[in-house]
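Labels A, B and C are assigned to the chains in the order they are written; within every chain, residues are numbered from 1.
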Amino acid sequence: MTSDTAQASALPHPDFASPAIVMRGVGKNYGNFQALRGVDLEVARGERIVICGPSGSGKSTLIRCINHLEQHDAGQIIVNDMEVGSELKQLQAIRAQVGMVFQSFNLFPHLSILENCILGPTWVRKLPRAEAEAKAMALLERVKIPDQANKRPGQLSGGQQQRVAIARALCMEPSVMLFDEPTSALDPEMVKEVLDVMLELASDGMTMLVVTHEMGFARQAADRVIFMDQGQILESAPPEQFFANPEHERTRTFLSQILH
Amino acid sequence: MSRATRNFVYQAIALGVALGVLALVAATTIANLEARGISLGLTFLWDRAGFTLSETWLPYNPDDSNIYALVVGVGNTLVVTALVAALSTILGGFLGVLRISDNPLSAGFARSWVEFSRNSPPILLLLFLYSLLGQVLPVDSAASLGGGAYLSLRGLAIPVLDLGGQGILLFFTLLVGLVVFVVAGHLASERQKRTGVRPPWQAIAGALVALLIVGLTVALSPGLRLDMPAADGPDIVGGFVVSPEFFTLIVGLTVYTSGFIAEIVRTGLQSITRGQWEAAYALGLTRGQALRLVIIPQMFRVIIPPMNSQYVNIVKNSTLVIAIGYADFMVTAGTMINRTSKAVEGTVIIILVYLAINLTISWVMNQINRSFEKA
Amino acid sequence: MSASAISSSARGAGLWRSLFGSRLNFALTVIFALLLAAILPIIVQWSIIDAAFFPAIPQTCETAAGACWSFIIAKHSQILFGIYPYDERWRPLIVCLLLLGLLIHSVRPTAWRPSLAAWWLVALTACWVLLGGGMFGLVEVTSDKWGGLPVTLILTVVAIGFGFPSGVLLALARRSDLPVIRLLATMFIEITRALPLLSILFIASIMLPLLVPEAFLPDKFWRALIALVLFASAYMAEVVRGGLQALPRGQYEAADALGLSYWQSRRLIILPQAVALVIPALTNTVIVMIKNTSLVLVVGLFDLISSGKAALADPEWRSPAVEVYLFITAIYFVLCFGFSRFADSLERRSKGSVR
């Protein structure tokens, strides 16, 4: 089920017929500050999107609205044909299908690694414990840290913790994975191990939205790169086109700042 | 002089000074004791106490020995401490959660309570409550509190189950029912682990036990007796009676301590980073599940050290009751010292007893802390 | 919609949602509104409508069904200043203001210079002279007539004034590398903190006559003061120790690397930072000490509460204990709450103005 290195041409193709996520006219305000303005986005099943932009551009807010960690004030967000709103049962169903990896990992410090991973499956998907543990161990193998299963998060390095966080999200068998700057809090030598896991996920055809500054990952794995500025999507293009020929001046400025 | 030598010299000096002062004090003390005809020794502990205590939880009369009087005093202190600790933890936990609610009325209420506890001396609160009781309660009758309880200048009386005859059957059924309830919960958790679905055994068991208790009460009611307090002027006959001093102490200390515990709970809850809530929600957990499985276990760890100090504070604040007239350990020991003039031994006993109580509390809290680490 | 329109209507909407938005909020609002509706009228009735105010004589209280504030109006001076001679009561008033000013001044890190210790000595001596009299043309008033608020403040200020430097020394001793010193300090701190203040007062009262030769025996007032200083020093020691522990190791190492001696590095670099770190906890300890001085009423000293109790003993009035205790509580509240608010605002201002 794994491929060794992920090249854009070797990745499975997204299925544009059935979109996983549809966002129409999405807006979000914090008091007077408009974090999102009229955002339209369609994410196809199996599509991998990298979102970049200067800080305050709304990129984190965008993906946090998808699983309702932030509540959008305007527009519609539809995930797997279910609308994201305040209705609790539907929200739980959506969250069970959308996995999220945070910048600060947010592992539960009072539980072991294994317990972190089986919490969701046993309490939300109501799996028997033995089955959940087997699935969790398989995923921990996949992120290459099965031997840490009984340790506490505090005993692991940052890179290891983030890989556990990815495994924890995958344990829920999501159809969409959201990544909110997954490597920004890591020491440089640990960034690669996390990106490798993400590349593998990408090559297996997972629908992914990744907010990141890691442009190497974008070049290797993304179907589309999106540039956001001041709450709006300014540019959206395949990586070759995005990096070689950005349309907007602001995109060019941003790229020149981060690609030095 | 090398560093090591200098350190040695400093410590030798410190030790020398400490021992020297100790020797000087000991010599003066012995001289003073001799001058007053007081001898050192612990045999006085078995002499007749000869003083009364206003109220006790263990049976006591002035013919008992000094050491038994001290034990009774410790018992008085421990009863107050345990009761206040239990009540104020519940109340304080509740207030702490209220404090961070977004409803301004409830948050304001909790905030006022906390500020009140912080900015008023506890002894004043006790005096205030005591005088309030004295002014508000009628002089020549007892105020009914409903449910058969009475409050008067003689004390608080509540009806209590008379355990003679069939009352004891009911009591045992209650105990057994409790055990069944807990076991059902345990079995349900085991089944959940195996299949993922939690069977409703605990709820069913709870309902059955409740039905059984009610049915048994009705069936046995001709033979059951409640020791009901009956008002006889200001006097109360029957029931379980506690003195107004005890009542004031419990209510006052609970109100006071709850404010501080509320702050501890609030700080504990707020110290859990938002990220933990978000990670729990992102997995699809409900608010209740997130609280129960992720937030509250973490909060417990954080609050155990400050809760430890609060419980120790309850022990210390229980000595304030001297202003109202309850006989806690301090009062008992003080009376004994005044009667026997055994100031030195008495002081040592006082220090040792309070140290023992506080060390026990710390040990218990440490065990609780450890059990969280294991889980 | 303009920006300001968004914020004000959003604020209004926010308040409505927090009061009635969810089922829980609605229930809470109803419960507390009912609670207020039940209690507030009774309180207002008792304390204002039916209350007795002027003229401040016993008859006014006997005819009134509510609170006897006339007693407070008539006797507030006795409650506040005890049995201090009536004509001289401006002197304890100045003492109170002086001591409060001293406490407020001392909380700010900018005031921490050696001259601060001098100010303390000057202020305390001034209080001594003002209260005692017998010089500078002031009528002499013996210490058994001192009482009320000045005594509370003097006890607090002296306990902190001597307790703080002792606490600093104890904290340093507890963190010392020398095991004997560390052991002695730890034992003192732990035992003192484990005991109720009342027992320390009691032990000081009964033990000092035995421990000290007759000639050196301090009177009631000094015995209580010694107990309070010991108590304060143990608590302050723990607070300062927290600051010493929170200070990054790099500060200690940089001081050593410069070649400073132990005492130099502590005095110039470590302590100023460590103490500044724990100002909130120190303010808290000041408030705790203000409240703790109320215990001296049990050993027979005349602080604010016992002055109140003494005032109640007047046979002409019907002993309005509740009103008196409410009055005293209000004074403590103003003192403690005011002090902590002031210290908070200082801290906020100092944080904002830095760099």
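Methods note: contacts are C-beta pairs under 8 Å (C-beta built on N, C-alpha and C of every residue); 3 or more make two chains touch, one makes a residue touch a chain.
None of the values given here were measured: they were computed from a predicted structure.
Novice: Based on the averaged CA atom positions, which chain is farthest from chain C?
Specialist: Following the centroid criterion, the farthest chain would be A.
Novice: Quick one: name the chains whose C-beta contact count is the highest of any pair.
Specialist: B-C
Novice: By CA centroids, point me to the most central chain in this structure.
Specialist: The most central chain, going by mean C-alpha position, is B.
Novice: Could you work out how far the Cα centre of chain B sits from that of chain C, in whole Å?
Specialist: 26
Novice: What is the distance, in whole Å, between the centres of chain A and chain B, each centre taken as the mean of its C-alpha atoms?
Specialist: Chain A and chain B have C-alpha centres separated by 50 Å.
Novice: What is the distance in Å between the mean C-alpha positions of chain A and chain C?
Specialist: From the centre of chain A to the centre of chain C is 54 Å.
Novice: If we count contacts the way the header does, which residues on chain A are in touch with chain B in the complex?
Specialist: Spelled out, the residues of chain A in touch with chain B are 67-69, 88, 92-93, 95-96, 98-100, 102, 104, 106-110, 119-120, 122-132, 168-169, 172.
Novice: Touching residues of chain C toward chain B in the complex: what are they?
Specialist: 15, 18-19, 24-25, 28-29, 32-33, 177-181, 184, 191, 194-199, 202-203, 206-207, 209-214, 287, 291-292, 294-295, 297-298, 305, 309, 321-322, 325-326, 328-329, 332-333, 336-337, 340
Novice: If you look only at chain B, which of its residues touch chain C in the complex?
Specialist: Touching chain C: residues 7, 10-11, 14-15, 18, 25, 28-29, 32-33, 101-106, 109, 115-116, 118-125, 127-128, 131-132, 134-135, 312, 315-320, 322-323, 330, 334, 337, 343-344, 346-347, 350-351, 354-355, 358-359 of chain B.
Novice: Would you mind writing out the residues of chain B in touch with chain A in their complex?
Specialist: Chain B residues touching chain A: 192-197, 273, 275-276, 278-286, 289, 293-294, 297-298, 301, 372, 375.
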